[in-house]
Each structure stands twice: as C-alpha cells, then as structure tokens.
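What follows is a set of structures to go through.
Across the two complexes that follow, subunit A remains constant while its partner is subunit B and subsequently subunit C.
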Partner chain A sequence: MGVTLTPPTPADRAQAARERREIDSSCRGPVLHYAASAVAWLLVGTTLAVVASVKLHSPYFLTGSEYLTFGRVRMAHLQAVGIGWSAMAGMGGACWLMCRLSRATLLYPKLLHVAAGLWNVGMVANVLGILAGHGRSVEWLDSPPYVAPFLVASIGIFSVWTAATFVRRREPHVYVTQWYILAAVFWFPVLYLVTVGMIFWVRSTGVMQMVVNWWFGHNYLGLWLTPMGVGAAYYLIPKIIGRPVHSYYLSIIGFWALALFYSWAGIHHLIGGPIPAWLATASTVGSMMMFIPVIAVAINHHMTMLGSFHVLRYSPALRFTVFGAMTYTAVSFQGSIESLKDFSEVAHFTHYTVAHAHLGAYGFFTMVMFGLFYYMIPRLTGREWFSARLISLHFWCDAVGISIYFVSLTVGGWWQGRMLNDPNVPFGNIVEYVRPYLFTRSVAGCLMGVGHVAFALLLVANLAGWGRKRGIGPAYFVAPAGKPAAGEPAPV
Partner chain B sequence: MTPTNLAILATIVGAVVLFGAATVLAMGWAVRAGQFENFDRGARSIFGPDEPVGEPTDAFPRETD
Partner chain C sequence: MDRGMVIIVGALLTFASSWLGLVLLPYRQLQNQQPYTASPGDDPYPRQLSEKALAGVGVYSANGCLYCHSQQVRSARFGNWWEGGEMKTGADIRRGWGNRRTVSRDYLHDRPTLLGTMRTGPDLANVGSRYSPAWQHQHLFNPRSFNAWSTMPSFAFLYRREPVEGGKRAETALRLGREWTVNPGYRWRPTDEEWDRILASQPGLADALKAANPGHFDVATPEGKARLLDFWLTTEEADHQVVPTADADHLVAYLLELRKAETPLPEAKE
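And now, the complex of A and B:
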C-alpha cells in the first residue's frame, strides 16, 4: 500500500482502507474454496493419522478390512495432509497474499475455482485410490497413476494465475513474501513434473529411483511448503505488530540462500544407503549451508518481535505464526545436524526422523498456516471469529500435542537407533521398547485432532455468518482490560 | 548409453539449466528494476495509510477502529 513516512490524513486512510477491502473481497470466493477444502483434508488426514498411529502399538486394531491395513492408511494420511491440507492451505494463502502485496484485485476467479476443483478431484482419487490398493510404494509420491494429471493441471493454472497477478501489480516493490511465493509456484511444478517423469514415465529403478524420490520428498517441504510458510510469516509478523521487518537486507539474503542451497539437501535421507559417497557428501554440504538462510530468518523474526511479545496475548494469528516461526528455526537446525553422517548412524531409519518431519510439516508449516487463516478469513468474510475459547482450545491442543509428539518420538527414536546398532539386542526387544513412545504419539495425535475439530467448527461458524460483523478493525483474541471485545461499542 | 539413461540425463541437465537460467534471469531483473536498492522502503511496503507503521492490526482494539 505504498510507503508511509508522514502521518496519514483521514482521507488517505479511508481511501487506502477502501482499496484494501476491495482487494480482500475480490479474493473471497477462490481463497475460501482453497481454505475450506484444505481444512476438510486436514480432518480426513487426521483421522487416517490416528488409525495408522494406533495400529503401530495395537496391531490388532481394525484388522478386518484390507482397506485399512497400515500400509494403505499411512500412505493415505501422508497424501491427505501433505498434498491435500498443506498444498491447498498454501495456495489459498498465496492467492490472498499475492493480491494484497501486488495491490491488485483477484483476476480470473473462475479459473482459480477450476484449479481448486481439479486439486480436490485429484485428492479424492488419491486417497480413495490408495485405500483401494492402487497406491505406489514411493514415499511422498504414493498416489495412484491417474492422480498426477489433475494435480499437474491444477498447479499449472495456479502458477500461471500467480504470474498474471504479478504482472498486473500496482505496487512496484516486490516484497520478500512475493519472492517466496513466486519461487514456490515455479519450483513445485518443475519438481513434480521432473520427478513423476523420471520415476513413473521413464521408470528409473533401484538407486536412481531412490535418489529422485528423496530429491522430491525433501524439496516438497523445502521448495514448496517452506517458501509458503516463511513468506507468510514475513508478512504476518510485521503486519500484526505494526513494525517493519528488522532487517530487510537479511530477508533477501535468506531467500536467495534458500534458493541456492535447499535443493542440494534432500539426498541426506539416503546417507547409509547404497548411493555414491560424493552424492551424500554434496547433500551434507548443502544441508550445512542451510544454516545461512535459517539464521537470517531466525534473527529477523526474533528481532522484529523483540519488545512486542506481549501482543501474543491478544492476537490469535500472531500466536500461531510465532510458534511456527520459532519451530522453523529449531527444525531447520535439527535437519542440518541430522545430515551429518555420524549423527545419521543412530537417528536414521528410526522414529527420530518421523518426529523431525512432523516438527517441520506441522510445528512450523501448519501452525503458520493456522496463523494466516486466523488473520485472513475474517477479512474475507467480514466476520470475527465465533469463539475466542475455541481458538484458545485449538492453539493449546495443537501446541501441546505437537510438543508431546516430538519429544516422545525423538527420545524413543534415538534409543531405537542406539539399540538397532547393537547386534546383541534382539529386534523383538526394540519393538517392545518403542511401544510406550508410540502410544504417547497416538495420545498427542488425538489432542491435535481435537484442535483441528475446534478449528473446523470455527471456520464453519464463520462461513455460516455466526461471528460478529466486523468493521475495519482487527480480529480480537482477548480484549485488553477496560476495552471492548470485537464488535462491541466502546466504553463511554 | 541406453535410451532410459539418456532420458534421465537429459531431464537432469534440462532441470539444472531451467533452474539456473531462471535464477539468473530473476536476479538480473531484480537488480535492473532497483529491487535491491532501498531496503527501508521495501520493509515498509506492506504498510499504508490505513494500516501504518506503529499500529498493530490484530490486537489493541480501539487503536485501529
């Protein structure tokens, strides 16, 4: 909305607010389509997650149906949350952020509805196909072969739409969030097409298939979800607290360093596997270089927040976003350390890696997306959130849930790795040893599930028009003492 | 070299060229367009007259109404 160096006049404020509202209302249909679909896939994915998790410590749970065997349910869970929830949440948020940052009303809304519809059709075929036994044993690419065309068509439309919006922008400066979004919508289609082409059309096999598989698996997080998440945090944190990002220079360094180094890192998943040593070493180097963008982002987010941590008490969006941003630093540091060969000797191929993956995909990305939704949706629907208590329940269930999840599987996984490396420990003993940790994981999953149901209820209530009509002000979490809550008249 | 290996090599080289060229082009455009010249302006570009610097937008109810 341009640079503000002098105090704005009331007329300027009114004009800028009108423009912002016009942009927000133009986004309403397509962005809510993406957001509601994302939340639906989150609920599906959560249900599948709990079933898969329980099966690991209670193997006789739901054994009567071939549709619900662990292998199928686990793959369907990954696709529902990874490709369903995460991608649709990211794309919905990116639509709104691109329009706001470009100062452009949303172009071609029907085209975006088609894109979101195609993604949904692909996801229905994906999850049902996997449960029916059509899944493929390539992690992150578990979807049946008939799913890819839907996803390719959808992301193709979305990428072209993003580029078109960028070309039509009225704000000359490209904010760092836009860099991240533009990069993501360029990287992901290339990544997906190259990988699907090399694994399923050219049919590379053996070591080559593993290498391509993990180049995709890791980069799906790093070149698709991470740019969306970090980009959103770079918008939300300064915007919510009303303070420009601490060092814009660092934010640009962080973006270009991510662009340079991240795509090298994926092969560290195969350390200890039958791959050329130079490939693993190059990947370790790329992983260690990731300290540069991560430290840049960590310094920036922390220094921007310094002195404003009290706002966490009042803002639901900030609460989720800061949790996610702090987790991004933690999970990225952990990821770099995990790429070291000595460390991998213990942690690799254990539940430790599962804990790490969930810390990234959930503790970082999903929490930032929740923050983005809490900020964005009232501005699209014109209604405040229905219940501050449900928001609070959502936050604490998710924050405590992912913390328990991470700690239990990290500790259990580490000792699992130590025992696996000891030839004197019988394998059956290791299986028995990790059972309590897996049970704890199920409890944590249920807790997060409660949070997701609370969030879904809030979203449905908001879409149904049950929240208070909002003016041009913020969405409130807790009204400061002596001040009215959202929509209430000011004290006289 | 088998046709499969040739296709894989072509894909890898093609992807590297595409990614590399896109990066160089994007950086070149950004430099020419002055995107890296005024970082203070860049940081403030998300604020505006209706939501200026210094005003939180998701808390402190009375200040933004």
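And now, the complex of A and C:
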C-alpha cells in the first residue's frame, strides 16, 4: 500500500522497546503457565501415542492391564495432544500475540492463571478418567462427563480476556493475526457448548449425534487450531525476515473464505454412511471451496518468504514455522481431495485418514507452535535457548519423524483401503499387510518423541534460567551471513 | 463499524450458516423418524436394546472398541473391485457384514451412536448374526486363540481366573486350553526344564497324553517331549477355570444384539 513512513528515530525505537518489555512482563506469568502445561501434555500425549501405536502391531505389549488397553490409550492420547497440548499451546501463544499486536498490557493476569489451572485440572481428570474406564467413545469428545465444566469455565475466562485485550488496543491497525485469534476464541466456546449440548444433553437421535460429532471434530481443527496456527505464521514469518506480508487484500479473502467454508467441511467424514446424502454433498462442496482460503494463505506466506529462504539456515523459529506453513498448504489440498466420494471410498476407514490427521495437527499446527515458542519464550523469560544443537535435534527428529509417519501410513492405508474394497481378500491378509507400516509408524513416533524430550529440556532450562541472558543475539543454528553469531543487540 | 465488531459479527454469521445447514436442517429432517412396522401387529424395528446389552454399550464405549470397528454397512454401490475383467461394487455386503446397507433408522435408539471411522478390525453392524456367545467370549478373552494373525487386544481383564470349587466347573467357564488360561491375556508355554518338572511331578501324565494322541513319536527324545507338550497345552486346566465377569456378559449381550443390517427397510432398498 502506498503509505510512506518516516523512519523511526533511535528515541522512538527505545520507546517502542520499553513498551514491548512492559507488555511482555504483564503477560509473562499466564503465557508461560500455558506454554509449560502444553509441553507437559505433549510429553504425556506422546507417551500414550507410542504405547497405542506399538499395541497395534504387537498385541501382547502391555496386555492384561485394563487401564492400558488400546481403546483407552487411544482416547487418552487424542485428548492429551488435542485438548491438552494443542489447545494450551494455542491459547498461550494467542494471549501473547494479542497483547503484542494490540500494544496493550494484560489486565489481571492472575485470572488467566486460574483459567490455565482449570484447563489443567480438567485435563488431568480427562486423561485419568479415560484410562480408568470413563471414556465415551465419541471421537474428539471422549472426555468423561465431569470434564466439560472445567474446560468451559476455563475457555470462558480466556475468551473474555482475549477480547478484552483486543478492546483495550492502542494500535489502530488491526493485523490479520488478531482477526484469526479473535474469531477463534469466539468460535471454539460456542462450538463446544453447542456440540456437548446436542450430543449429551438434548440427546439427539441416532445418526444425528454423529453429524454433530463430525461437525465438531472437523471444526475443532478448522475453527480453533487452524486460525491460531495460520495467525501465528502470519505474525512470525514477516516479523523474523523483516518484510511486510505479501498482500493485505489476500489475507482478508483468506480469512473470510476460511470462516465461511471450513465450518461447512466436517460431514465428509461420514461419506457413504447412513446419513442424508445431501449432507455429505454439502460438506464436499465446503471442502472443495477450501481451496480458496488455502491458496490465498499459501500465496501470502510463501510469497512473503520468497527471497528470504537463506534465513531458514539460521533461524530456528522461522524454520519450524515455514515447515508448518508449507505443510498447511499440502495438507489442505490433500484434505479437499479426500472429501471426494471416489477418493473417500478407498481412504475412509483406513490409516490413510490417520496420516492425514497427523499431517494437519502435527506437521502444520504443532510445528508452527514450536516456531512460535522458540520466538516467544526468550522474549518472556529474558533468556536465550541454551543449545542450538538441541534445537536442531528437535527440528530434525520432528521433521523426519512426521515425514516417515506420513509416508508409511499413507501408503499402507491406501492399500488397506483397496484391499478392504475387494471381498476376495481375506481380512487376515489385510491385517498382516498393514503391520509393517504400523511398525514403521511406531519408529517414527519414537523419533518425534525424542524431539519432544529435547524441546522439553530446552524449555525447562530456559525457565530455570540456565541460558544466556538476552541482548547479545538469539541462539541461531549457524551464524547468519554477514553477522557474527553473537554481538549485535537482538531485536526485542 | 468498529473493526472488532466486523470480525465478531462476521464470525457469528459464517458459523451460524454452517450450524443451520449442517446441524439444524438434518436435525429437523431426522428428528421425527419412527421405528418401522412392516404390517400392523408386527414388532417395530429397530427394537430397544435389552438392559444387559445397554450395559454392554457402556463397556464397548469405555474401552474404545469404536476406534477399530465401524458399525455401518456401506451401500451396494460403494467399494469396488475387479473380478474376471469386470468392475463389481458393494464390498461391505459381499464380505458378509450385512444383507443390506444401513440407514439412519437403524440407529434410532443408539446412544452414543457408535458408527466409527476405522476398520482396523471388521465391521460390527451385524456381528450378532455371525457368532455364538461362546465364540464371542473366547475371542474377547484372547483373539489369537482363533486367529493367529489377529492384532486385536485381549480383553482378559473382563474375565476372572479362579480355582474350581468342589471339582465342578461353572457352566459359563471358557472351554480353552491351558496355554491361553494359565496367564490370561498371553499365550503360556513352559520352558523345557519346567516341562520336565511337570512330567516328573505327574507320573501318569505322559502315558495319558500318549494314549489320547496316538502316533509315532518317542517321548524320550526332546522332539517327542515337545510334541507331548503341544498336546498338553491344548487340554483344559483341571484346577482352574476362566469365567466372564458381568462386564464381559454385558458386552457379549450387546454384540449379540447388533443386527442392524438384516430386517428389510423400504428406504434401504437400492
């Protein structure tokens, strides 16, 4: 846009830095509370994931324990990573981004500590309750009945606080990240209440519960995690490489198209199922229309990066974020195609869908959150990450891990689907065929687990104050071209 | 209008559109569905589950059975394969998972509805028509006692291994060889030394096994002894039995009542 700005004077810069420090110190407590809890849930969820994964190919592993039977561990895993790690990472990040972008300090941070605490209590009850046999087998909503009040109270506080921070903004320009966050903190509580109400309270008949279930399941990703992930990437990429977003107008189109079409996409999970046919068709249309926001966001993220790819060599935060942003494009294209009936006919009911879900929730969302954490946490604690090598280990374990994961289950799942569709193939052959792919997945899961342990170590070290003090430059993978590794003051 | 209001109102409207379209409309369409009665006086279909089976739904969902087993038979037009140079469709029905596709009315009384999205194991919509209660119990106790390739978890924790009181077995006790019952959930096999000790402590055992399994093998050789062990492992334990707990009974009652794809429904015709 044709606005010329006068370059800021040193005094302006100092004033802006002071303001940023003030904002960061106001939200430090709750954001770190959310972030640390999220990483704890990530470790719990990863452990559960590996247990469940091994059980699928080695049924004698930890058998005989009712608490660790596959079905319960599977439910507990989804809750721990989906509702524990992902939501808490997103909320912590959203809180900080909202404060920063609104140039507003956080009011009464103690109340957000209460919100994070409530979410954690709910999650402990959730995971332990499921393992104890109180799970409900409603995908994404497996939590025992006594969990919902904690989550609702917590998200209620969080949403009101995020909106309040936005209302108190001192920055007149509303950046696209703020739109996404504001919409997400509005969507999720409404979505959750409507769904829980319609499945468990109103007691809708038969398949109607499943329709609401998948409307929720898909929108949890589409209207809660995706806006926060995309929003965070919109903030991080331009910020780290120091260039404005490619197109302001595209970001508007991307946002509104996502709001309109993503919410219509969920029911394609029931294609071929006992639901009115027009419903699945409507959702397929919604899914295909998702090409519009995805392409808009893809152009914006990738065109902004164009010419700055060398920064990926040294900036950890950017490397994670760009990995996530690129995966977002890929996984969304794949998702749209998966909603087609002919494709779904094979891929549905197989591990192909599991691979797709992990590419979205992990390859995209989780990787962007890692990027956000690497950027945000040093600014909150005033400490740099103590080991660039460990960050590198984290990145490669996760990037290679999710790639192996995706390829093995995509290939295995596709042929599983082809064989399921041929009644001349005995069921036992399919089970045996899929086993090596599931074993490969377990290996990939362990690799990702190593990355998560590295990340947790870095976070604990940072919170414990073991890293270098900020001010002499961030922890880079390698020294940036033309700059010494440590020397120049880092941008705050 | 303030930028914040634009976002909130816009988010509300887009969200409401999908709620109206994907939730409220089908809700209204399906809300008044009634059980089907073929001719006056017939039992309406679907029937309510028995009390035992309802408790079984609880066991089914608490243990996440849904994460490997779907409960929906897809249409005769779904699922295609090549056979004799010709493309055929209707894989679910051909696999024997049901006589017809399932439709929304089949799930009228289900709560929660356990449609499922994964087929690591076979579809269960009509499993009640396929197996006997005894098969279900033994299979739940250890699926590999039927199919060596099975990766289904053992649900031995739904069963109790107990001493046989007064030499009389319970009627509900599983009829399974000791290899499956000595260590519930696993497949037990003694080491060679243990087997020697067992043979030494029960003098008549070797002869009895040999008599019951005639054939040319020499019990003095290691191969012969191993063969004897194979025979012994398939016999039931004399002093212990495995009986289902109430949870196992309920679960099996539910599985037996799963007959969603049998009774003809007019709307299921294709």
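As a working rule, the second predicted complex is superposed on the first by the 469 of 492 C-alpha atoms of A that agree within 3 Å, B and C clash if a C-alpha of one lies under 4 Å from a C-alpha of the other, contacts with A are read in each partner's own complex, and residues count from 1 in each chain.
By our rule, a contact is a pair of C-beta atoms (placed from the backbone, for glycine too) under 8 Å apart; a residue touches a chain by one contact, two chains touch by 3 or more.
Everything numeric in this text was worked out from a predicted model, so none of it was measured.
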| item | value |
| --- | --- |
| Partner chain in contact with A:V176 - subunit B first, subunit C second, else both or neither | first |
| First, second, both or neither for A:F186, with subunit B first and subunit C second | both |
| First (subunit B), second (subunit C), both or neither touched by A:R203 | both |
| First, second, both or neither for A:A259, with subunit B first and subunit C second | both |
| Partner chain in contact with A:E22 - subunit B first, subunit C second, else both or neither | neither |
| Which superposed partner A:P8 touches (first subunit B, second subunit C, both, neither) | first |
| First (subunit B), second (subunit C), both or neither touched by A:P238 | first |
| Partner chain in contact with A:V194 - subunit B first, subunit C second, else both or neither | both |
| On subunit A, positions contacted by subunit B and by subunit C | 174, 186-187, 190, 194, 198, 203-204, 208, 256, 259-260, 263 |
| Residue ranges of subunit A in contact with subunit B within the complex | 1-4, 7-9, 12-17, 20, 101, 171-176, 186-187, 190, 194, 197-198, 202-204, 208, 235, 238-245, 247-249, 252, 256, 259-260, 263, 311, 314-318, 375, 471-477, 479-480, 483-486, 490 |
| Complex contacts: residues of subunit C adjacent to subunit A | 3-4, 7-8, 10-12, 14-15, 17-19, 21-23, 26-27, 29-31, 33, 60-68, 70, 72, 74-75, 78-83, 91, 94-95, 101-115, 117-120, 122, 143-144, 147, 149-158, 184-187 |
| Touching residues (chain side subunit B, partner subunit A) in the complex | 4, 7-8, 11, 15, 18-19, 22-23, 27, 30, 33, 35-36, 39-62, 64-65 |
| Parts of subunit A lying in touch with subunit C, wherever the complex brings them together | 55-57, 59-60, 63-66, 69-72, 74-75, 133-139, 142, 163, 166-167, 174, 179, 182-183, 186-187, 190-191, 194, 198-199, 203-212, 215, 219, 223, 256, 259-260, 263-264, 266-267, 269-270, 272-276, 279, 282-283, 286, 345, 348-351, 353-354, 420-424, 427-428, 431-432, 434-435 |
